[in-house]
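Below is one structure; the comments refer to it alone.
Note that the chains are named A, B and C in the order they appear, and that numbering of residues resets to 1 at the start of each chain.
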Amino acid sequence: MAWYVDRVARVLVFAGGISAIVFIVGIFVFITKEGLDFVLGPLSLGEFFTSIAWRPTSNNPTYGALALIVGTASVTGFAMLLSVPLSLGAALFIAEFATGRTRETLKVLVEMLAAIPSVVWGFIGMSIMNPLIIRTFDVPVGLNVLNAGLILGLMAAPIMTTIAEDALKAVPDTYREAAEALGATRWEVIVKVVIPASRNGLLAAVLLGVGRGFGETMAVLMASGHAINLPTSPFDSVRALTATIAAELGDTVKGGAHWGSLFTLGILLFVVTFVINLTADIVVRGIRKK
Amino acid sequence: MVDTAARTTAANGVPGPVYDEPPIIEVRGLSIAYGGKPALQGVNLDIYRHEIFGIIGPANSGKTSFLRALNRMDAFTTGMKVGGAIRINGKDVSDWRNEYALRSRIGVVFPLPVGLPLTVYDNVAFSPRLRGIRKKAQLDEVVERCLTRAALWDEVKDRLDSLGSLLSGGQQQRLTIARALSQEPELLLLDEFSIAVDPVTTMRIEDVLKELRSELTIVLVTNLVQQARRLADRTAFFLMGELVEIGATEDLFEGKVKDKRTTGYIEGRFG
Amino acid sequence: MFTATRLNRRSYRTESVAKAVFCLMTVVLVIPVLLIVGTLVVKGAPAISWEFLFTAPTDNMTAGGIFPALIGTVWLVVVALLASVPVGVAAAVYLSEYAPDNLLTRTINLAIINLAGVPSIVHALFGFGAFVLFFDMGPSILAASLTLAVMTLPVVIVATRESLQAVPQAFREACWNMGATRWQTIRKVVLPNSISGILTGVILEVSRTAGETAPIMFTGATAFVAFLPGGVLDQTMAMSYHLYYIATQATDVPEELTFGVALVLIAIVLAMNAVSIAFRVYLRGLKKW
């Protein structure tokens, strides 16, 4: 009796276990299914990657995604410029310097940062940052690369900080003690021992941060200005891949070319984030092997 | 097969080993390896009913691996491979499709005490409940009897609802023994049980083991040579994954050995 | 003999400077949280009243309250939890208690990382293509909640797996040695000792689910319905989508009202997080072995 219950339970939890694979494959299958007609039909790869003319609703529609790709890249890049040093610095402080209550408080604040919903971030970009940027820099529009980049930087920071801190914590204390016993200061220990030993984990943290920024939708939609444009300065408005889908999907005809083109953007997003996550996983696995 | 000529300890009134019936455990050509590294090789031995069978030997001699194989623990130990045959009551342990039923008839006590994070009462009632005993009165009786035998009842009878995992190390070890007894096992495997227990309690438990011999068969792995001398009817000496010597405990301690490494170990010249 | 050399003093100074710089960076990172919450409270608090919480929006969203959106969010969260918690806990039990170290297990782990990393808008596309169209649920609470469930599944799995693995292996072996099956061991010893950790993860998932916007935009959230949802096949308003809508689509919405909505949303999310954190701290103090 107990033996049969055990068998049944084993099958049920196994089904739960493989559900993650089922869903990730399902996501790929369903977005590919809806995007396939477009990929095989109207899509011209040359136009898609080199033209900035995204005019899916015109009489003579064109589907150039270059401006969207550059838009996403510029916002993510700007965010990383801000976020990578701050996050790694914060991770070092929390893992190596802060102790006791300070440490706990900082960790809670970082968690709170991660908890703020993206639509609230977008709203902050529109209602607080926008007028602030207009006043401070005397520019006509405050919804631009700078605004979205700052917000995205703050949004991507918690995941980078947390994972980087985990990587630093994973360095055995015996390494630190051995170095300190030789007379090294804490700072020398960090530079010469801890950082080299956790290099891969820190790299994975940055990659996952990039993935987070790259895939963010609502905040970028609301704070970037949503204008098709190749930016030349941080004060230019841009449009992101994710935001394009969010803004346009509601107005498309199901099964039409515009519809298919948005799912094709989805395939692109899926593939890129998949590669980023896979790379991060391989990088992390690299440390475990050693 | 048994070279001790059925030497029993009936002198003090306690029934001794039964050497004229088929053995309860038959081990043939047993070899054990972890991830390809051999831990035990070519072991042949028999253990008889109502016997206390001692196993002595230095660290890494394969004593614990031997116990793990008896209980089919290879099923949940990654990398552990068991070759050869172990027959309990004439049936090969690997023929049990339901290995849980096999384990439920074998009580095991390991060196590090494990009090489950359940109440003391639930710890001891765990196994009876698995067997389907639900009646409160019946469970109460089992719990008290087993705790008493494990020399723990007096210390915990007023706090049966405190967590077993928060008892002291020595108490947890006696709780583990009580749990093993609550299985009403045919076979009790003890692996260096006295490591976490103070000497006085060790003596009390040793007395209990002597009494238990009338009900079941005990395999006692011990790092204390004198403990084997006090308790075991026959003793086996394992060294570096090999069964060096097996014989009546008295003979071994009196120097009647086939291999002089046995005497060397017993007299403490290495270990 | 034991006096500091110039070199010692210099490296000591370097260390103080480094510490100060990193401290500053951390502060720069966390200050915005306090600023944001502060601003939302100051600008949104005047809008909050019982009437705001318990009436529907009126006059093209430029007045009235948020009641239907609040109730909608509760519906979405509850249905999403009902779908994701059993699956997520089962997956975690498999990974922690059964899974051998093989290719399949590595693939499952990779899938979980990816499920958490795929952009929310891609989850939205999937939910639309799979639940709304293919399984013909139409835009509905069910479709939106299932999309949210798939998206937040990793949160449950990771939290549950961690708390299962915190139960020492020795307890399992002790049970197995008494003849308990794997499942009996899980049910009687492993799960009871990790249930609070699982709960922490579930609360965290509530917070994530309540705040998500993109996955529900096309799968079940709608800008305005006059009635409360009567079942899982109805469309519904939701707090997050409501904020997006009145901030970007509706016109002439008083600033105070929008800040009020943002304040309520962030209050829900942060309260859930706070509960989860408090729970975790409480658990750490509760030593069971």
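Heads up, the rule we're going with is that a contact is a pair of C-beta atoms (placed from the backbone, for glycine too) under 8 Å apart; a residue touches a chain by one contact, two chains touch by 3 or more.
Note that this is a predicted model, so its numbers are computed, not measured.
When every chain is reduced to the mean of its CA atoms, the largest separation from subunit A belongs to B.
Centrality annotation: C (chain centre taken as mean Cα position, compared with the mean over all protein Cα atoms). Interface comparison, A-C versus A-B: the higher number of contacting C-beta pairs is recorded for A-C.
If you average the Cα atoms of subunit B and of subunit C, the two centres end up 50 Å apart.
Centre-to-centre separation between subunit A and subunit C, using Cα means, comes to 16 Å.
Distance from the subunit A centre to the subunit B centre is 56 Å, each centre being the mean of its Cα atoms.
Subunit A has residues 2-3, 6 in contact with two or more other chains. Multi-chain contact residues of subunit C, defined as those touching 2 or more other chains: 181, 184. Contacts with at least two other chains are made by residues 100-101, 130 of subunit B. By the touch criterion stated above, subunit A contacts subunit B in their complex at residues 2-3, 6. Looking at the complex, you find that subunit C touches subunit A at residues 11-12, 14-15, 18-19, 21-23, 25-26, 28-30, 32-34, 36-37, 39-40, 86-95, 97-99, 104, 107-115, 117-126, 128-130, 133-134, 150, 153-154, 157, 181-184, 186, 207, 210-214, 217-218, 240-241, 243-244, 247-248, 255, 258-259, 262, 265-266, 269-270, 273, 277.
Residues 2-3, 5-6, 9-10, 12-21, 23-24, 26-27, 30-31, 33-34, 85-87, 89-90, 92-94, 97-98, 106, 108-113, 115-120, 122-124, 126-128, 154, 157, 161, 185-188, 190, 208, 211-212, 214-218, 222, 242, 245-246, 249-250, 254, 262-263, 266, 269-270, 273-274, 276-278, 280-281 of subunit A are the ones touching subunit C in the complex.
Residues 98, 100-101, 130 of subunit B are the ones that touch subunit A when the two sit in their complex. Against subunit C, the residues of subunit B that register as touching in their complex are 71, 73, 76, 78, 100-108, 112, 114-118, 126-127, 130, 163, 165-166, 176, 179-180, 183.
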